[in-house]
Structures are given as structure tokens and as C-alpha cells.
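One structure coming up, written as C-alpha cells, with questions to follow.
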Amino acid sequence: MTGEILVAVEHRQGALSPASLETIAAAIELKGDTDRSIAVAVIAEKPDDFVAQVSKAGVDE
Amino acid sequence: MKILVPVKQISVVDEDFELRADGKDVDPDYLDTEANEWDDYSYEAALEIMEAADGDVEVVPVTVGPDDAEDVLRRCLAKGGDRGIRVWDDDLVDATPAAIAKVLAKVVAKEQPDLVFTGTLSSDRSFAQTGVSLAAELGWPHVAVVTGIDWKPGDPKATLKRELEGGLIEEVSVECPAVLTIQLGINTPRYASLRGVKQAKEKPVQEWSLADLGLTGAELAAGASFRVRRMYKPETGRAELIEGTTAEQAARLAAIINELRGAA
Amino acid sequence: MPVASFQSDVYEAAVLALAEARKPAVILFPHSVDTWGYAPAVAMRGGFGCATDVIDVKYDGGDLVAVRAVYAEKLHMEVDFPERETVVLTVRTNVFKPTEADGSPAVSEFAAPQTQARTEHITYIEPEQTGDVDISQAEYMLSVGRGVGEEENVEQFKELADSLGFTLGCSRPIADNGWLPKSRQVGQSGKTVVKCKVYVAMGISGSVQHMAGMKHVPSIIAINKDAEASIFTIAKYGVVGDMFEIAEELRGHFS
């Protein structure tokens, strides 16, 4: 298996940016029928709230 | 104290154009050159600090570009500053932002400025990449999309405003030396006076090659951000054009507007 | 380590550490202001390939290929990244439709490395609410751009907008010049006109940043001197002509 697709999402003033979900969509489209996996990284002090928001179909980790 | 301001000569595509034989860029015959709009603001920001400091700050414009890119330096020097720097080498023709950043980092090493102001982006290729890449190459702190600067010579930190999405502004401080990428609207760039334009012609412009900076074309090519496969004219939508005399066009527009807003 | 708001040193270190640990083929970021402030540095420090403001990305065989717009959107540029193990791409906003469907990915924690933060967040300053209209709620808009030329020309377009029952907006240079308040600016650093149904753009060539705030409007009418202006690629109706002459004639229809 070849390298994964890592998505770095962003948040500001406690809210995930709408563009983050678009970037996850781009990752899913890029993955296509390859066997690459998609990992989404939330960089935050308290990432829990954002984790639920980025837990989208097609995301592996 | 010194502020180094990298500026760029950008290319504008003619209405009708042809691609280069290799299909990887527009044929230079169909490109006009201009100064990058963002750089008017970054240069102005540096000049304002210089003037407020009353002689304690030097402002130096630098460009990476061929012979005719000297114009953008003269354009800067017509507004202020005493000398400019131009770096060029034929190996830089298709240089990516990473390569330009490596070149500028060598210029910074020679010049030892306290601050570097770049434009946030350039309007021909719109990477918004060079300034922050330069900071990374130098290991310097950096702040992007700056719309306000509070710094005077000797200050260990600058207090800045960053323009975020939707009109939100963030106030941040940054340790110096630092690279700032400057956004439109931070100031009102001045126009050069005729006297300034005349004086600028006499101001020295140092010319450096890659070798002068201890770099090689092969080294830069190895660190390229990307390789261009091709350029092409995209298929785009096209408005239904309303033809006729101005009166006819306006009448048709009025009818369309009335219909769209559901008026009688 | 506290990361309440964006801090470039901390974000760079975190993504670089993740990349070191996981060796991803691609790192995707949104092409946003925060990303402008650190993704290129991640690429530079990691020795990664990099393309910003990407509008399409795919695998062509084993090669990662990204597409981005150049020369004022007139051309597209297709790039690849030979011999790069990892590539940083920033993805233009409003191109990909946000993923809606929820899933249940595995969740793991990754301790961000200790990093010295060399910038410090002080405060956020909310955009001015000048008691002026909220253009994000306007259904009908008439916006003016650079083509308006001078400050004293703005008033006649305000009057035209009023007579149409439209809300007056503008593009960035008009707000930067102080000819109209920032609250009237449409675009990435201004407002997105989410409720707008009809948008009349006069003397606006259509920068990416402006179009980000209005290209979703179902009926866009563009009036511009330059037949090649980008705005005509998203408009439904267009007039190639002088905005002042058109405005003069339009006035007669709405007085």
C-alpha cells in the first residue's frame, strides 16, 4: 500500500471552517478507487468537538 | 536598521495569445509586463516606517528577474530608497516559488535586514507562497496577509493586524527579524513624483547571479515546488452577451432585471 | 500545549511531525488565510512538493497531478511532482462540495511537539457594524468595482441601486479607498452574499477573491468594458460596454 492522504483541517473561534469539509471532499475524490487511506488531522488544544465534525464517510482515521 | 522588500515584475496575457512551443507557458511575445499590485503596498509600508524613523531605516527593493525587471526596481526607487538589487540567471526562467525563496534567502543572508516585506501574492500566478517559504528557508518567524504594522527601529517585536476571512481581523505580535506578507489596503501607495522618477535613474542597482549567491541552477531545480506538465485554456462558461446600441442594451437589461425580481 | 488560535510555528511543527511519523503521499489543506501562513513553510521545511490554490487533483497512473489557474484565470496549469514522497496541496474554496455524510473513522491522539511560538495572538477585531445594511442578507444587489474610477462617481450608482430597489455593494478596491464602507465589500475578505438572487456587477473584472463571495448567485449580470474580464465566465447576462453610459440609460427605465 502506498502513502495515505492526510488532510489538515482548520478552526477559528471554536468553529471548524466550512472549507475544511470541502478539503475532506477533495481527499475523497482524490482517493477514488486507489487503495489509499484518508486521515484527517485536527490541531487543537481540545480537539474532541472538532473530531465529531470531521468524522465523515470515507475518512479512515 | 533595514527593511528588504522583494518585488516582482508580473506577466499579463494579451487578449489573443499562443502557447510556447513546449506548451508549458504562454509564448513571451504575447505577455506584457507590469509591477505586481501587492508590492506597491509592501513598499509603501516600508517607506512609511523609514520616514517615521527619520533616517534610521534603510529600505532596499530586490527583484528576481531578467534585464527588463529593473523597471520595477526603478519604480520603487522613484518613491524612495537609495539602491536596489536584481538577481538573475537564465536558470531562473521557470523558477518555482521554492526556488525564488531560496534565492531571496541568500540575499537576506548578505543584506541582514531586520524585516522583510513581501506582497501577499502576485497577480500572475497567485501562489501566495514565496514570502512564507522564504521565512521557512531562513528559519524566521512570519505572519501572512498583514493589514497593519506597528514597529519602530529597535523594537524586538512588531504588533500586526492580519486580515482573515469575512472581514475579521486578528491582532498578533511577532518577534523580529521576521518576514511579513503584506495585503492590499494596508495603506494608500504614493505615486512617484517626476523628480523622483528622474532621480531613480541614477540610483545604483546591484546585479547578482546565482553564482554570486553561491547557488547553482541544478540545486534550485532539485528543490522545485512542482514541474509544469502543460498549460491550456480552460473551458469556461460564457455570459449571454446583450448586443445593440447602448439604449437597446439598457432596455433589454431593464426588462431582464424586472423579470428576475418578479416586477410587472 | 495551548493552541486556542492559529499559531504558525505550532501548526508547522505539528504537521511536520505527523508527516514524519506517517509519511503521507499528499497533505491537503484548505486554501485559506491561515494556510497561506503555514502550508508553504511546511513544504519548504519538509522538502515536499507544493502547489497552492489547486482547483483539481487526481492520480494519472501513479503520478499525482494538480491543476491551478494562472494569468487572471485565463489559463490553467497542470503540474506534477516527480520524485517527491510527500506533496503539500492547498485546495481552493468553493470548488469541492463539502462532505455531508457522517462516518465513524478511528480516532487516535498525536501529541504535538514542543515548539517555541514566535508569534502571539492578541485579540480578534470583529468587522465594523456601522449600522449600515447587512449585504449578506440582501436578495438583490448592484455592485461597483474599479471601473467606477473616482469617489464622486459612486453616488450615482447608489442612486441607481436605490431606484432599482437593489442594495449597493462593491469590490475590494472601492472599500480599500474608503469610497464605501468595508461592510459593503463582497468577497473573501468581505461578505458572501448568501441570500442574493440577482447580482449586477458594474466595472468589476472578477478577481477570484471577489467571485468567492458571489459566484453562487443564480442570476449574475455583468457590465464591463473588457470583453475578456473573468466576470463574464460566471455571469448569465453580459454587456461589454461603458458602465456610465449603461447606467445613464438604465436610469430612464427605473425613475
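In this document, chain identifiers A, B and C correspond to the written order of the chains, with residue numbering beginning at 1 in each.
Going forward, a residue touches a chain if its C-beta (ideal position, glycine included) is under 8 Å from a C-beta of that chain, and two chains touch if they have at least 3 such contacts.
Everything numeric in this text was worked out from a predicted model, so none of it was measured.
K.L.:
Could you compare the number of C-beta pairs in contact for A-C with that for B-C and name the larger?
P.N.:
B-C
K.L.:
Tell me, please, which chain's centre (mean of its C-alpha atoms) is farthest from the centre of subunit A?
P.N.:
B
K.L.:
Compute per-chain Cα centres, compare each with the mean of all protein Cα atoms, and return the closest chain.
P.N.:
Minimum centroid-to-centroid distance belongs to C.
K.L.:
Centroid of subunit A to centroid of subunit B, CA atoms only: how many Å?
P.N.:
Going by mean C-alpha positions, subunit A sits 32 Å from subunit B.
K.L.:
With centres defined as the mean C-alpha position, give me the subunit B-subunit C separation in Å.
P.N.:
A distance of 18 Å separates the two centres.
K.L.:
Which positions in subunit C are in touch with at least two other chains?
P.N.:
Residues 5-6, 32, 34, 39, 124 of subunit C touch two or more partner chains.
K.L.:
Listing for subunit B: what residues touch at least two other chains?
P.N.:
Within subunit B, residues 164-165, 168 contact more than one other chain.
K.L.:
Using the touch rule from the top of the page, what residues of subunit A touch 2 or more other chains?
P.N.:
12, 17
K.L.:
For a test of understanding, state which residues of subunit B touch subunit C in their complex under the given definition.
P.N.:
Per the stated touch rule, the residues are 11-13, 15, 26, 97-98, 101, 120, 123-130, 132-133, 135-137, 141-145, 159, 161-175, 178, 181, 184-185, 188, 223, 225-234, 236-242, 246-247, 249-251, 253-254, 256-257, 260-261.
K.L.:
Touching subunit B in the complex: which residues of subunit C?
P.N.:
On the subunit C side, the touching residues are 5-6, 8-9, 12, 32-34, 36-45, 47, 49-53, 65-66, 69-72, 74-82, 118-127, 140, 164-165, 172-173, 175-177, 182-183, 185, 188-192, 197-198, 200, 208, 219-223, 227-228, 232-242, 245-246, 249-250, 252-254.
K.L.:
Help me check something: in the complex, which residues belonging to subunit C touch subunit A?
P.N.:
By the definition above, subunit C touches subunit A via 1-6, 10-11, 14-15, 18-19, 22-32, 34-35, 39, 57-59, 85-86, 91, 93-108, 110, 112, 124.
K.L.:
Looking at the complex, which residues from subunit A come into contact with subunit C?
P.N.:
Against subunit C, subunit A makes touches at 2-10, 12-13, 17-30, 32, 34, 36, 39-41, 43-45, 51, 55-61.
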